[in-house]
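Scrolling down, you'll hit the structures one after another.
You will see subunit A twice below: alongside subunit B first, and alongside subunit C after that.
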Partner chain A sequence: MSQVLVITSGKGGVGKTTTTANIGTGLALYKHRKVVMVDADIGLRNLDVVMGLENRIVYDLVDVTHGMCRLKQALIKDKRFENLYLLPAAQTKDKTAVTPDQMKKLCEDLRKEFDYVLIDCPAGIEQGFKNAIAGADRAIIVTTPEVSAVRDADRIVGLLEASGFEEPKLIINRIRPDMVKRGDMMNIDDMIDILAIELLGVVPEDEKIVISTNRGEPAVADEYSRAGQAYRNITRRIEGEDVPLMTIEEVEPTFMDKLRMFFGLKARRVKGEGARWTF
Partner chain B sequence: MAVEPVIIKGTRDGIMIIMDGNTDFEIIKNAIYEKLQNGNGFFDGGMARVKVKNGSLSHEDYLNLEQILKEFNMSLQRQASPRTIIFPGQCRNRILLLKKTVRSGQKISYKGTVVILGDVNPGSEIVATGDILVMGVLRGMAHAGAHGDMSAIVAAFRLQPTQLRIAGIISRPPEDKQEVPQFPEIARLKDKAIIIEPYYQLNFESIKRKREGIK
Partner chain C sequence: MDFLKIFGREDVTSKDIAKERLRLILVHDRANVSPKFLEMIKGQLINIVSDYMEIEEEGMDIKLTRIKKDEETTVPALVANIPIRRMKHLAKI
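Moving on, here comes the complex of A and B:
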């Protein structure tokens, strides 16, 4: 059974596009699923840039819904990952160029071809949001440990419930364990307490995300990235695997680790399960 | 691990009898009897309070216990927890019962009393012409007695609203971050100001009188 997932947040800048890119890549790379990522942020397209596929765009989502081209023509095959496709947004139009019914039809068409359809939702709760959720079966809500982001996420949960979505899942992005420890940042329990939805994963703040975003290479493929590890776990949870949520605490490196690091033999790295950082 | 059916602890103003609600009362009774007997008159004339873990005490057992304590010259202090407290809300004809989390951006307006089985999150609004009762955490804005009913109340399992309104009076919690109370509370009007009291220590008589006076 193929699934249509919408990745949404309400607030902008919390990492919807990054999350979409990483989950999409993760599902295609590690689970060998056929995945298409749909950029629903018409007029402010970003997903193509994050994926490093900007220069391959010929047709876009608006062209498809308006019948200007065939669906196959607009789909961009990823340059690195087998089974991964992108349907880019139009940059010269705005959100009103598409209706929820057109999006529903588009999702139904994509569902026949792919195992996963991931929709990158724009910020806000207006037309763009309504379009993005129209054809989706399930929703993933991204938030950061900020009061404003959690407030907006709560609003989104309410709107999704009103639209008939059952049990949206939550991803907490850009958490900083050291700040949480000091009590300077909202902790996971506080957020779960307010939002009262199931946690899909926690992604730590990671400089590598900035680098990978600018390079157009999703961090999930980087085995040494902390955020990448978190996204790999999220990917497995989406697939139905039971990956326990671990405590987010940086494990102090042992003396031998420090020695190895000193000689450059060991990076502060994460690899696979039983990693130094587990999310 | 076997739970001891009865534990007796000394407190400032007497003793506290802590009993396990799952154990048969007959066993508890014997255990208390034995413990008091071993005291050799030490407990004489003292006050006792009762706390029941994992359950509650029936009225019959309560009287029974009082009898035992009397034999040892002790008095049982009546306490709020073993009794049922009647909610001081008015009996109104119209009640809206909602079993959900009220989320940011959602507004519940109702002519009558609103009862919510769930949380009320920040950014949401509850407006009722009658009382508002939240069986969860109230973090949003609540307006009771929206049509000017000065006797309306707002009660919540955890009362942490962004703003409270009763009739025409608006109040907000103190700015300085203080310890949030971890018990149910009730907000009502007193001399044109909103006061908040712990639910268990409420003077129900005064509210009742006030309500009847207004009627």
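Moving on, here comes the complex of A and C:
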């Protein structure tokens, strides 16, 4: 049974597009699901760039909804990942170029062809948001551990509920375990406590996200990326598996590590940066 | 507390401040999301208060606002102005 998921946040810059790219790629990689990622951010498209598919765009979402081309013509097949497709947004139009009814129709058409339809929602709560949620079954809310992002997420929870969405799920993005540890960043429990919605996953701040975006290759395919690991776990949870949320803990450097560091040698580490990161 | 401040150690972490601020912000935000909210409270208040006194429903004023807790902090408060016309005679308990 296919699912239409919308990835939303209210606030901009919290990682909706990165999350969409990684979950989409993750689902295609993990169980070879047939996945389409829809960029609903008309006028400010970016999912194509994050996925490294910007040179292959011929038609876009607006062309499809206006009947300028067939749906299949606008879908870009990702040659690196089997079963992964992108439907890019138009860059020269604005949010009013599409109506919620047209989006609903589009989602229904895509649903027939794909196991998962992921919609990358634009920031804000206006027409773009209304379009993006129109055809979705379920919603994933992305937030970061900041007052502004959590406030906006709460607003989105309210708006989604008012639109009849049941139990939106939360992804906490860009958390920094070191700051959480010294009490300078809200922890997972704090945020769940405030927002009162179910947690889908926690993604740590990771330099590799910047690098993978530079390259146009989603971090979820990078075995050594902490954020990639977090997205792999999220993928499995979406697939219905019960992947426990592990606590984020720093591993104390051992005596030998300290000794090595003292002599300026690189300490031997478990997959990077001296901490056991499990999400 | 002051003792700790002298040594540059504050007893409240910044995440606690963030959480507390968020809580207060969201009280307001959530109340504003649905305009039905205050009407619902108003209706229920009328029901409860009417058991004890006769009130002027037209003169009722209910709003969510902020009041000063102390010099620096304000907290959200539900302020209800309910004009009483007459007290009902109830057996003293």
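Simple rule for what comes next: the second predicted complex is superposed on the first by the 254 of 279 C-alpha atoms of A that agree within 3 Å, B and C clash if a C-alpha of one lies under 4 Å from a C-alpha of the other, contacts with A are read in each partner's own complex, and residues count from 1 in each chain.
By our rule, a residue touches a chain if its C-beta (ideal position, glycine included) is under 8 Å from a C-beta of that chain, and two chains touch if they have at least 3 such contacts.
None of the values given here were measured: they were computed from a predicted structure.
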Task: Fit or clash - subunit C, subunit B, common subunit A - done: clash
Open item on the list: Under the stated touch criterion, which partner chain does A:D190 make contact with: subunit B (first), subunit C (second), both, or neither?
Closed with: second
- [ ] Name the contact category of A:D178: first (subunit B only), second (subunit C only), both, or neither.
- [x] neither
Task: Partner, of subunit C and subunit B, that touches more residues belonging to subunit A - done: C
- [ ] With the two complexes superposed on chain A, say which partner A:G158 touches: subunit B (first), subunit C (second), both, or neither.
- [x] both
Open item on the list: Looking at A:E108 after the superposition, I want to know if it touches subunit B, subunit C, both of them or none. Which is it: first, second, both, neither?
Closed with: neither
Task: On subunit A, the residue positions that both subunit B and subunit C contact, one per complex - done: 151, 154-155, 158-159, 193-194
Task: Residues of subunit C defined as touching subunit A within the complex - done: 13-16, 18-19, 21-23, 25-26, 29-30, 33-34
- [ ] Please name which positions on subunit A make contact with subunit B in the complex.
- [x] 125, 151-152, 154-155, 157-159, 161, 193-194, 196
Task: Touch list for subunit B against partner subunit A, complex - done: 100-101, 103-106, 119, 121-123, 137, 139
Open item on the list: With touch defined as at the start, can you tell me which subunit A residues reach subunit C in the complex?
Closed with: 146-147, 150-151, 154-155, 158-159, 162, 180, 182-187, 190, 193-194
